[in-house]
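Structure incoming, see below.
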Amino acid sequence: MKLGFVSAILPELSLEEVIDFAAAEGFDCVELMCWPVGKAERRYAGVTHVDVSEFGAGDAQRINDLLAAKGVEISGLGYYPNPLAPDRAEAQVYIDHIEKVIQAAALLGVNQVNTFIGRDWTRSVEDNWPRFLEVWPPLVGFAGSQGVRIGIENCPMFFTGDEWPGGKNLAYAPAIWRRMFEAIPSPTLGLNYDPSHLVWLRIDYLKPLWEFGERIYHVHAKDVRLDRQRLDEVGILATPLEFHTPKLPGLGEIDWGRFFSVLSDVGYEGAVCIEVEDRAYEGSLARRKAALVQSARYLRGFMS
Amino acid sequence: MKLGFVSAILPELSLEEVIDFAAAEGFDCVELMCWPVGKAERRYAGVTHVDVSEFGAGDAQRINDLLAAKGVEISGLGYYPNPLAPDRAEAQVYIDHIEKVIQAAALLGVNQVNTFIGRDWTRSVEDNWPRFLEVWPPLVGFAGSQGVRIGIENCPMFFTGDEWPGGKNLAYAPAIWRRMFEAIPSPTLGLNYDPSHLVWLRIDYLKPLWEFGERIYHVHAKDVRLDRQRLDEVGILATPLEFHTPKLPGLGEIDWGRFFSVLSDVGYEGAVCIEVEDRAYEGSLARRKAALVQSARYLRGFMS
Amino acid sequence: MKLGFVSAILPELSLEEVIDFAAAEGFDCVELMCWPVGKAERRYAGVTHVDVSEFGAGDAQRINDLLAAKGVEISGLGYYPNPLAPDRAEAQVYIDHIEKVIQAAALLGVNQVNTFIGRDWTRSVEDNWPRFLEVWPPLVGFAGSQGVRIGIENCPMFFTGDEWPGGKNLAYAPAIWRRMFEAIPSPTLGLNYDPSHLVWLRIDYLKPLWEFGERIYHVHAKDVRLDRQRLDEVGILATPLEFHTPKLPGLGEIDWGRFFSVLSDVGYEGAVCIEVEDRAYEGSLARRKAALVQSARYLRGFMS
Amino acid sequence: MKLGFVSAILPELSLEEVIDFAAAEGFDCVELMCWPVGKAERRYAGVTHVDVSEFGAGDAQRINDLLAAKGVEISGLGYYPNPLAPDRAEAQVYIDHIEKVIQAAALLGVNQVNTFIGRDWTRSVEDNWPRFLEVWPPLVGFAGSQGVRIGIENCPMFFTGDEWPGGKNLAYAPAIWRRMFEAIPSPTLGLNYDPSHLVWLRIDYLKPLWEFGERIYHVHAKDVRLDRQRLDEVGILATPLEFHTPKLPGLGEIDWGRFFSVLSDVGYEGAVCIEVEDRAYEGSLARRKAALVQSARYLRGFMS
Amino acid sequence: MKLGFVSAILPELSLEEVIDFAAAEGFDCVELMCWPVGKAERRYAGVTHVDVSEFGAGDAQRINDLLAAKGVEISGLGYYPNPLAPDRAEAQVYIDHIEKVIQAAALLGVNQVNTFIGRDWTRSVEDNWPRFLEVWPPLVGFAGSQGVRIGIENCPMFFTGDEWPGGKNLAYAPAIWRRMFEAIPSPTLGLNYDPSHLVWLRIDYLKPLWEFGERIYHVHAKDVRLDRQRLDEVGILATPLEFHTPKLPGLGEIDWGRFFSVLSDVGYEGAVCIEVEDRAYEGSLARRKAALVQSARYLRGFMS
Amino acid sequence: MKLGFVSAILPELSLEEVIDFAAAEGFDCVELMCWPVGKAERRYAGVTHVDVSEFGAGDAQRINDLLAAKGVEISGLGYYPNPLAPDRAEAQVYIDHIEKVIQAAALLGVNQVNTFIGRDWTRSVEDNWPRFLEVWPPLVGFAGSQGVRIGIENCPMFFTGDEWPGGKNLAYAPAIWRRMFEAIPSPTLGLNYDPSHLVWLRIDYLKPLWEFGERIYHVHAKDVRLDRQRLDEVGILATPLEFHTPKLPGLGEIDWGRFFSVLSDVGYEGAVCIEVEDRAYEGSLARRKAALVQSARYLRGFMS
């Protein structure tokens, strides 16, 4: 496997600086954020390390030269909006931009784009399904035509009352993934597997590796801690951040040895990108860099 | 403590038959259902063992004579509607009937009425709070004036998509109970404590006994089983009956020895009423009676 | 469900005495042993409460009258030899007797006979399979023609060096049951499910209830204790009695609440027969009777 | 085994009333308290159901007639002082009375007296050992000469600051029992085994059954609950009642199924006497009787 | 956070050599031992890397220059005597020396001195309290006047019979810390938090981080292993080293990932100093250095 | 301790290349494979890094010079055949070669040869014992005469149907080791301790360290993962690879922190050689080298 990180945690660095940091710390790869230039809509969003709005072959060449010089690869391009947002006009903006990210990926020769399915968070999974069936088959078809795979991150995008009650991404549970892949059997569609979300959802984060192993196209390494004393106050019907805390790998509930044990046995050989959303490490750029270095040190005991 | 059962599971029996059964099987008490005569709105609702609509001193005398003759007590009168239903007219019907149940309890010399706070299930706890503050203080005041305590069952009333996403009863978690008792400090208001709901909500069902012991006015003995293989498919954001199954005491997750151990230490000496919602035991009246007998046999090893 | 016991533990009692005891202690049913009259080949074998060798309609009538008078049912007829014994002549004797037991069951109007598949214990499961395919389809066909179901007990019949290394019954694991039912899909063939064997085989004893629920035709209630200090000396390659001890229900590893919880949910409504193989309770007839009474007391907290 | 209780919990009943109660509730036996008539020195002490001060053959005959008439046995005579009290005159009073209890047991034909080794609680085990070697060999010799076995209860007699830091009975741990039996190998000396003390001492309560099985002459059935939240405040160096609570069997940490499983396998066939020290059940004589009845109901699922 | 070590494990090295080693191995800081020059009173005591007896501004300058040159900081000055020793003259010697350590810290511009509260180990916590109230307020006042914080290590200083029964440091449990901070609310007084002691005391080592987070001024990274087989022999009333073994971080019971997870979330940004008391690593200076290097390698996976 | 690896995983490298790799990656030592030149009889066998067939003082000198130049030691010579193979002629070939390996070790000044006891896998441990007593005393005697210790690896050599039912090495469990050392008390005979085999045999891998610590002459660091879902299908009577998977250290069931904690406390100071049998890492020489590097990174957190 290849060890990398998600570039969203280094928003003040230029692409060059991100790649320099990656090279200096021995990372194999980076997932580069491709949000439209402008204001972030939420924490960890709005970062632009590759501006895909007017992306051409020259841009691709420049980036690939830079990467080759530093010996770092792009694990995927990342853009995580809500393509099923209730406001269809807004959703279409997201969809259009996803297509631009796919095109950029094709130009870069990177075959991986990571994103969300999206969801109208005020409606049930069932009630969102018709929109899913309308939006996603053409999008997957487009990606396929560009030779680019799509990795859907399995985050429910439900944190606080802002996304209550359903969250902003349908693809959060095995039963839903199965239904999704039955509806769109194309090998273009797969998962950007982040075990940490499954922890607080109380879903075994190892079992799906056996069933969905061939659909795992990218991996995020993040962890969460569940605090009993907080859960005992509010229960699972509370908003999720009331009872769990995102943490760096090694500082949460995940048994990373076991995770990489099964992951290696199902034949995964792709990228594992550290995603930092641990507020204890976000005080400064130095702390966020240290978070990546610490996480890599920890994970390298379990992978290579 | 006193061992009894919730009469809702014996809807085809008359009050006399319910009491006869209780006496024959050695139960100390029964929680009698007081729904308005008519069609049930949901499973386990709509049972009328005491018709409180035109209830007078004579009715009370007749029932008390019957109870005295059989050596069985009423642990409380039960009626579990949604007094905070979004339709205010509908809610008022419920509130009015709760008052009738309270009056009947006063006439019977029973100081306990059990019910729900209710909730507009489409809105957050926060958004329901103003209605709570409007409806409940006068209701508690009325009960107090009648010398009757109110026991709120801690069930979120969230089972399937019908109650998605919030359920129909606010009073499901310790943080909410604390807020509720701060808003209405009157000793008239307490809990009808059912540990089984806490299990699937992932709330410790023992810890609140220490903090809220003095507010526990009635106890329901029901159990639930959590099936990992189902939870692993859908996660905690699914509707609750997708991952848990109500069962008889002894057939679920609850450690009843531990529960009665702490319950006895916090000084609880009241009623413990078996509530049967186990579909494997609902095929016939005989099976439902057997369920009560079996549950009593099990629980008597831990209480007296 | 119906609570009964396996009559093998009361070899010195006549059928009448067995039924009297069952009635006196409130058992619903008994599994009656039907070994050929003569010397037992191993512990717990060789007991004859129904002699099927020359069994006719008159015998059936006499027994059924006795049962009706006492209010006790036969849960099944039991005979547990090795029909795949390496010595084919010996095996044929067992097969012939199984057929007689089936005929007696038909005459008695009991639709259940319990036995073993058998095995040449010196050979692998694979190497035994041709014999299984030769012997069992006709036997199941015969039972079907008599309207009698066969319940195969899931005991590997491996205890000491005498049955090393394979044991004397193939049908010990879910993978083998699945293969068995694929080879013989007839509903005549099912399981006499004893969770205790699965414990020391380290097979989840609950999971198969979901998959094989419809094939469970009879249940044995027995328990085992695993002693870490013994297993730590010899490991799982030792003979099984070196590291486990059969015990009465409630004195072993099985969570009987959980077992009956799932068993009831998969729709099982048949017999649960206590099987006593606990040497601490075998010192006298009185102790063995006490073992049955104690086990019934324990199990009745979880079933009815 | 035989199920009984320790008579100390029924101080206001006469011997006749104790035996009547035992018979009415189906107990096989009772451990009768033999404190000198007078004021109790601590909770649960000072109860006199047999006054051994002037005990003669006639007294023995009268008691044995009473027992025979009711079908109840004496499991042992009990008297639990501190025979190694720092004040040697005080200790001698205790030793003299133990001898009287032994003589009464001999006259009654009961071969079991239960007591404590005692301890100077201000000194270490090591520093108490010379006194042990001085006091106990002659006492054991005397008991042997009377044909009476001594069962030392394994309670450290350390509850609050009153017994700080060492408690008032040396015989609380396997390492000490081993040393004790090496010093006094006579089969007259054994244990009155109470698993509950071992729980809070963090000693496995099953392991010693294998090693000391032949020395277990009597068993007390009591339980304790450990409350994490209390232990987390004070730690194990606190006085024991700061972090544990004695409870009825079934309401504590002990796995009674496992306990009786091993106990039966090591060949124990003697008395198991319920000892009630659960303050939640001590409010009245009726509650204490109910505690015995409830405990018996619970334990009878695991023993006979 | 900053990773360092306690210099007591390198007694044969000079201050310069200690700092050289720290720099060479990438440690951020060192807690320097300041025992009076002379013979150690117990294992790990008596080490003098800073002689505070005649410490002046010039000494401070020399040390600070050395540290600056090597890029290593002082996390605190350490001196761990028994300031509540029963012999008041002896105690006063300790108190006087603590004051000298405080003065040296002030001169060095280090705001942290680590020590013990002390205890008369033959008396209860309660009986020691008057001495605590007499000795510590002025000492804390003095430290405050020097701008130096005091970190009390939470070690009970109870290992063998020498410190029986109470140990030589009162400040070992949350209930005691709370009482201590209520008596002396000054922010000058805090904890030098070592989670390993809490393990064998059976106190949750995470919970206090939430409550006392703001009072944690220094952290010791040490671990312990509890051996069941030893505890099962002697129980918790034995002397502590009879049932636990101090070990390097990663070789004991502590879940360091969890520890640093919570520690980072309560805002701790100070020093974490490895304390080596693992006898398996004490055979030579090389082994003790290797112990520090190994421990740092392990801990760096969880912190930065 | 010294960290090394088993050279069998690098069959395509010459001895020089193996040593170069070891030196480059900072390994302290290597266990060198000494199979006869020729075709491997099974996976991981047949590797020849030292050809002992015609090994003389010159060969030893050349190798020792090479090692000295690179700063790498030989932890032992390894050759793992079946010296108790049923075919005695075949077994003698193995025995003869073991003697050559011993002689080579003596010439090299390495005092450690690692191998298997062997077994006729079709017969019980008991039935193999006479052969053990015939073959091994002279072999141990020979080794002793050469000043070379023998380390028997505790692998049952049972993987698939090929070694059914007994496996090809007797020395797999503590009860057998004890018997083995009673038969051959010579200190020449010891264990090459690999905790991973004990995991799937369900034998505590820590307990034997205390008892057999002085007999542990070499350690293999390998891990295994047990997959519940596979075990639940087939049970422990299946062939072992049906339910377990060999993995790199850190990717399996072993708690390496605990393992090294106890190992260090029993005084072990010898070699710990990583043994790679993880198929997920065997795709190329680069992957196998990476496996060794990753494992070393992981283990160095727990040892030095």
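Note that the chains take the letters A, B, C, D, E and F in the order they are written out, and that residue 1 is the start of every chain.
Rule of thumb we're sticking to: a contact is a pair of C-beta atoms (placed from the backbone, for glycine too) under 8 Å apart; a residue touches a chain by one contact, two chains touch by 3 or more.
Quantities reported herein were computed from a predicted structural model and do not represent experimental measurements.
Enquirer: Provide the labels of all chains in contact with subunit A and in contact with subunit E.
Expert: F
Enquirer: Looking at C-alpha means, what's the farthest chain from subunit E?
Expert: Relative to subunit E, the chain with the farthest C-alpha centre is C.
Enquirer: What's the farthest chain from subunit F if centres are computed as the mean of the Cα atoms?
Expert: In terms of C-alpha centroids, the chain at the greatest distance from subunit F is B.
Enquirer: Comparing D-E against C-D, which pair counts more contacting C-beta pairs?
Expert: D-E
Enquirer: Where in A-B, A-E or D-E does the E-F interface recur, with over half of the contact pairs identical by residue number?
Expert: A-E
Enquirer: With chain centres taken as the means of their Cα atoms, state the distance from subunit A to subunit F in Å.
Expert: From the centre of subunit A to the centre of subunit F is 43 Å.
Enquirer: Determine the centre-to-centre distance between subunit B and subunit F, using the mean Cα coordinates as centres, and give it in whole Å.
Expert: For subunit B versus subunit F, the centre distance works out to 64 Å.
Enquirer: Identify all positions of subunit C at which a residue touches two or more other chains, and write them in rising order.
Expert: As it turns out, subunit C has residues touching two or more other chains at 207, 301.
Enquirer: Viewed as a graph of touching chains, is the assembly arranged as a line, ring, star, complete set, or other?
Expert: other
Enquirer: Taking the top-of-page definition of touch, could you list the pairs of chains it picks out?
Expert: A-B, A-E, A-F, B-C, B-D, C-D, C-F, D-E, E-F
Enquirer: Considering the complex alone, what residue numbers of subunit C touch subunit B?
Expert: Result: residues 207, 210, 257-258, 260-262, 264-265, 267, 300-304 of subunit C touch subunit B.
Enquirer: Which subunit E residues qualify as touching subunit D in the complex?
Expert: Contact set of subunit E toward subunit D: 124, 126, 156, 158, 161, 164-167, 172-175, 198, 200-204, 207, 228, 231-238.
Enquirer: Where on subunit B does subunit C make contact in their complex?
Expert: Residue list for subunit B touching subunit C: 225, 229, 245, 247, 250-252, 278-281, 290-291, 293-294, 297-298, 301.
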